[in-house]
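Both complexes below contain chain A, partnered by chain B and then by chain C.
Let's look at the complex of A and B:
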């Protein structure tokens, strides 16, 4: 079909088309940038914490009676013994935190002893015994796990850091960026002067803070801490978690009256809570994009309907002169395509501009190359669908109308 | 004349119910989206202690690592050490001074049935209540003597008093915490500062603590901090004593000063204090002390999440789309009514009169959109509450006040009038002759 007459007809009544084109442009701008954020957050949520999340839960024991250090050590031993002996429990460990929990302990590591400098590398710390690796479902990809003999109880009078560590590959890569493995046997320094010998490298264990840029860096430390507040992490056999969770809770609650058991939570719940903000943002932005598309579609329908009713006589004349019904439909479709093309071209430029601003101002990721073309195609299709109804109505205008005076 | 135009406008709105409904809906949805985000941002950025903003100052001292600032480019730590907090409290150079930290205890309610529970509390010095204008329902806070005597006394929030004592006047009763009795001195009236400006660490939207006890008592009992704790080097000695003597920061400090000159004098005092400490081998970095008002401190700590900024930008664009939509529809309406307009012009109506008539009509659509927009905002906030279910503090962020309702209406009317300008101008340009000629 010849687009020339359509284009010239549009020029005679620019305002309405300009408005729709602008609306499409801004819609595309919001749509692709929102989609970029959705994509980024969804990628964040999809990250693996390293744990056997479906079969792991945690709980905390808070002692409120005045226990001596030895009594607290004995209680932790008893608790772990009770839990580990339960049928269905794969393993359990007492630790200070676990991935996705949002609270934890971090330390700076460096290659030379001395005060922390700008070159030091931060890592999350998990205090565990030799059962830590299995409970956290981490694989020692190089070197070995801790031996029972390497595990110490922390001593409040002695701040010396334990001499062994299991580190994630991500942490090793950041410590020695120019000197790749094997990392086993190397020494790093912590607490100014304390050496830590890398006995093994583990595949994956996230830090407790999902929003930290160094979330993949963590270190297992062979130490147990006899504090009043102890977290137990329990890994069960597949499908046993929901059955064992209340069992472990009441077992511990009944075994000692001088404490309370709290924060009994599955890893699934912990993950949900950790990513509530990201999941919410995805929902909000998806809803916004949907709503926006609907509003823009309604705007297109409105303008097209208006044009159809304004041109009723002209359409009748065209029909009387031999234009077929598909030709009338095509006229409106092509007209919409022209408006869309202009709007989408402006929108693509605006979208790139907004993305540059947002990347600068809000530390977002730049858009993937295909997002803008995909958005353009999607909005063009929406426009065609929106104009289809009024166009079909236009095609049903009888040729006889041409002869009538309005 | 206004009433006549309003009547005409109403007639015209009724004449095109679908088109009018679409316009009102577009404005309402745009306003709703925009105001939802504006409201959340408004609550997050609120300064609950605005009325004392010029007199309260958050204290920062730079005791950090000589090789590496606490935060780039050269930010001092957010909190202070035990050494400095207690020394500055003791010096008493400000009108009031408060040192505090977040801790937790196991509360053992009276009665055999009630189960003990763990509760976050605030260990603070005596001036906390007077300094932050905390209202009391029963009793009062403690005094400096209680601080000095490390007394086991406590203040409860009204919610905690309801939970433990059914809301009655519990002053004088003994509350068991970790097997130690604390005498209740006072019960707070309703007090819900959001954000909790006095401690912006962790989550400042969670609301204030429910129990308050003297800082000195907490330290004597070796209570740990459940807030943030940062050290740039390990304590030299072991145990709690070693921790108190260390360069670890874990205490929030605030001072109240009468005016600008008081602030300058206190800043000088801090510099002198740090210089003196340098003689003892502490404070290896250059002088870098800070006094920030609550407002400055909240901006400094970026209380408003940047995601809210992204959403705000997108929601303003969203409103723009809705307005473009409305402009398009109004224009369609005007063009369709060209005949009426030229008839009115031919009969003697001048442009100013036509302009007034159509602006009144657009204003009516704006008011309707604004009112519906308030409803939409309410729905939007419920939606936010819903998608954030799991954050127990979200309810604090999704409340609308009259300021926001007013803003919604104003925004709607301004938007509708702004949207009406071009179509109305077009209407005024219709000449008396052209359209009549076609007839």
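Let's look at the complex of A and C:
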């Protein structure tokens, strides 16, 4: 290997190599940290909401006629009955919100009654009936689902909360961090003093706010709310969603003309909307990384091309002295590897430093152990690919050039 | 031994065909010191390029050291150049970014010798040309004569059977030229075949055999004879 002489020769013409090494270092620094952010956001986007998203959609019923409370309650019952009886519908529920919707209801839970203190734990609240668990595709991993008898209508005269709740495992773990389950049968307090008995623990159901740090904490509450605005969530059998969406919409619209049906939305659309900012950030950062990589590659091509032009005669001399074409290609490859190695070493140090700063400043996850090595390998390969063209061009310089007078 | 039969070299472009060498034959015996003279553009350098496997011949056959080298692949030609031929150029052709040691080392690395063997050969050759104390110097820090001596050391390091010199004293003053020629003569006495292209008759006289190139044809005999013939033609 000609590393020694190549290195010593490089030391005689440092400027270009130093600039390229720095460019590689900066590219690696930005590349791996951007990749870390992309990875974090992509992981966030890919999180399971708990719903059977591919087969779930939502729609809203907005009454514009002046209905009494009892009429509104009856209409909700009729609507749900109509929807649930449709072939292809697994189940349906009227709820205040659903995961990824961005708007919802949250409350503080505490283990003792009294004023909310620092010990209270925030949770998302979903008002549902006994069909909520199946509609949301949640599994009751411990305890039981609500019974029909436990479902109440909210009463404007009585603000007391229902006495039962289904909570996610994540919420239970935060409520009782030092006292692991079983959680069924335990009591928490909501609205300062109202006791809620945990009748079951569900596997997973995200809160409506995707950017909330406590997104995995949710509680199902057995209560229905007879307002003018009602949101229905419908789960269908696999592959039936797109067919049933217009059908359900027409069915409800035709069944009562004192309202409008709107916001007919698939969970795919809801997810896309919820993560639109993250997706945009991923695209922007990916573009920046790509751009930087291309610029670095062009820099390497430029330096290598310049070196080939500058050393045309030298290459001819080397060929005359016995260098084969592959040996000339190898020379430039080794030279580029040395520059890359220096740039990548500096870049790795800078990348670690920047990541430490970003973790502290923006509460990001530290980079996975493999990101920097993978980035180094990727950039090294880009460098080698970039130098291959000029190197091959150099190898075609004829040895007879050595005897031509300058 | 170097044997060329009916060797020709034609350079072709889209519109022009130039006959640089016109079917000449030549035998150079082992250990000969041959000078090649001729007017500018006569084909001296083309002959040297063909002899040194720097260019492919267009027609004829070329046998070097008992092996037909007329149709070798580029890789094989590189290897033959590296193992059997040493080059000395008019403008020294040292690599400016490498010091003396690394310059002499260049052909040895392509040969694949290990570090110890390379060092032995480098130091031996540099001692032979009187520059063993200049290993860490760069070409720009040496005089022209010293640079040519480094080039000779580089040419000798691979212990070639043939030394091809292209105007080796062309860029040197008389004193340094003599010194380089003395060195070449000494090398030749050691058994290395030398073919030296020069346009100076006084230098050609130092060779034991003289070849004259004119219009792409090669002629044996004292150069004065051919120059006189060329002048009277």
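What we mean here is this: the second predicted complex is superposed on the first by the 406 of 406 C-alpha atoms of A that agree within 3 Å, B and C clash if a C-alpha of one lies under 4 Å from a C-alpha of the other, contacts with A are read in each partner's own complex, and residues count from 1 in each chain.
Here is the rule we use: a contact is a pair of C-beta atoms (placed from the backbone, for glycine too) under 8 Å apart; a residue touches a chain by one contact, two chains touch by 3 or more.
Bear in mind the structure is a predicted one, so any value in this text is a computation, not a measurement.
J.: Report for A:398: first if it touches chain B alone, second if chain C alone, otherwise both or neither.
T.: In the superposition, A:398 touches chain C alone.
J.: For A:68, using the defined touch cut-off, is the partner it touches chain B, chain C, both, or neither? Pick first, second, both or neither.
T.: neither
J.: With the two complexes superposed on chain A, say which partner A:46 touches: chain B (first), chain C (second), both, or neither.
T.: So A:46 meets neither chain B nor chain C here.
J.: Counting residues of chain A touched by each partner, does chain B or chain C come out ahead?
T.: The partner with more contacted residues on chain A is B.
J.: Which of the two partners, first being chain B and second being chain C, lies in contact with A:324: first, second, both, or neither?
T.: In the superposition, A:324 touches chain C alone.
J.: Have a look at where A:37 lands relative to chain B and chain C in the superposition and call it first, second, both or neither.
T.: A:37 sits against chain B, while chain C stays out of touch.
J.: Tell me which partner A:178 touches in the superposition: chain B (first), chain C (second), both or neither.
T.: It touches nothing on chain B or chain C.
J.: Given the touch rule stated above, what does A:8 touch, chain B (first), chain C (second), both, or neither?
T.: It touches chain C, and chain B stays clear.
J.: On chain A, what residues does chain B touch that chain C touches as well?
T.: In chain A, positions 13 sit in both the chain B and chain C interfaces.
J.: Where on chain B does chain A make contact in their complex?
T.: Residues in contact with chain A: 19, 22, 26, 29, 33, 65-68, 105-106, 108, 115-118, 178-179, 232-235, 238-240, 242, 306-307, 309-311, 313-315, 317-318, 320-322, 324-325, 327-329, 331-332, 335-336, 383-384, 387-391, 422, 426.
J.: Any idea which chain A residues touch chain B in the complex?
T.: My answer: residues 13, 15-16, 19-20, 22-23, 26-27, 29-30, 33-34, 37, 62, 64-66, 114-118, 120, 155-159, 191-192, 260, 262, 272-273, 276-277, 279-281, 283-285, 287-288, 291-292, 295-296, 298-299, 302-303, 306, 309-310, 354, 358, 361-364.
J.: What does chain C use to touch chain A in their complex?
T.: 45, 48-49, 52, 54-55, 74-75, 78-79, 81-83, 87, 89-91, 93, 95-99, 102, 105-107, 109-111, 138, 154, 158, 166
J.: Quick one: which bits of chain A touch chain C in the complex? Just the residue numbers, please.
T.: Those residues of chain A that touch chain C are 2, 4-5, 8-9, 12-13, 313-314, 317-327, 398-400, 402-406.
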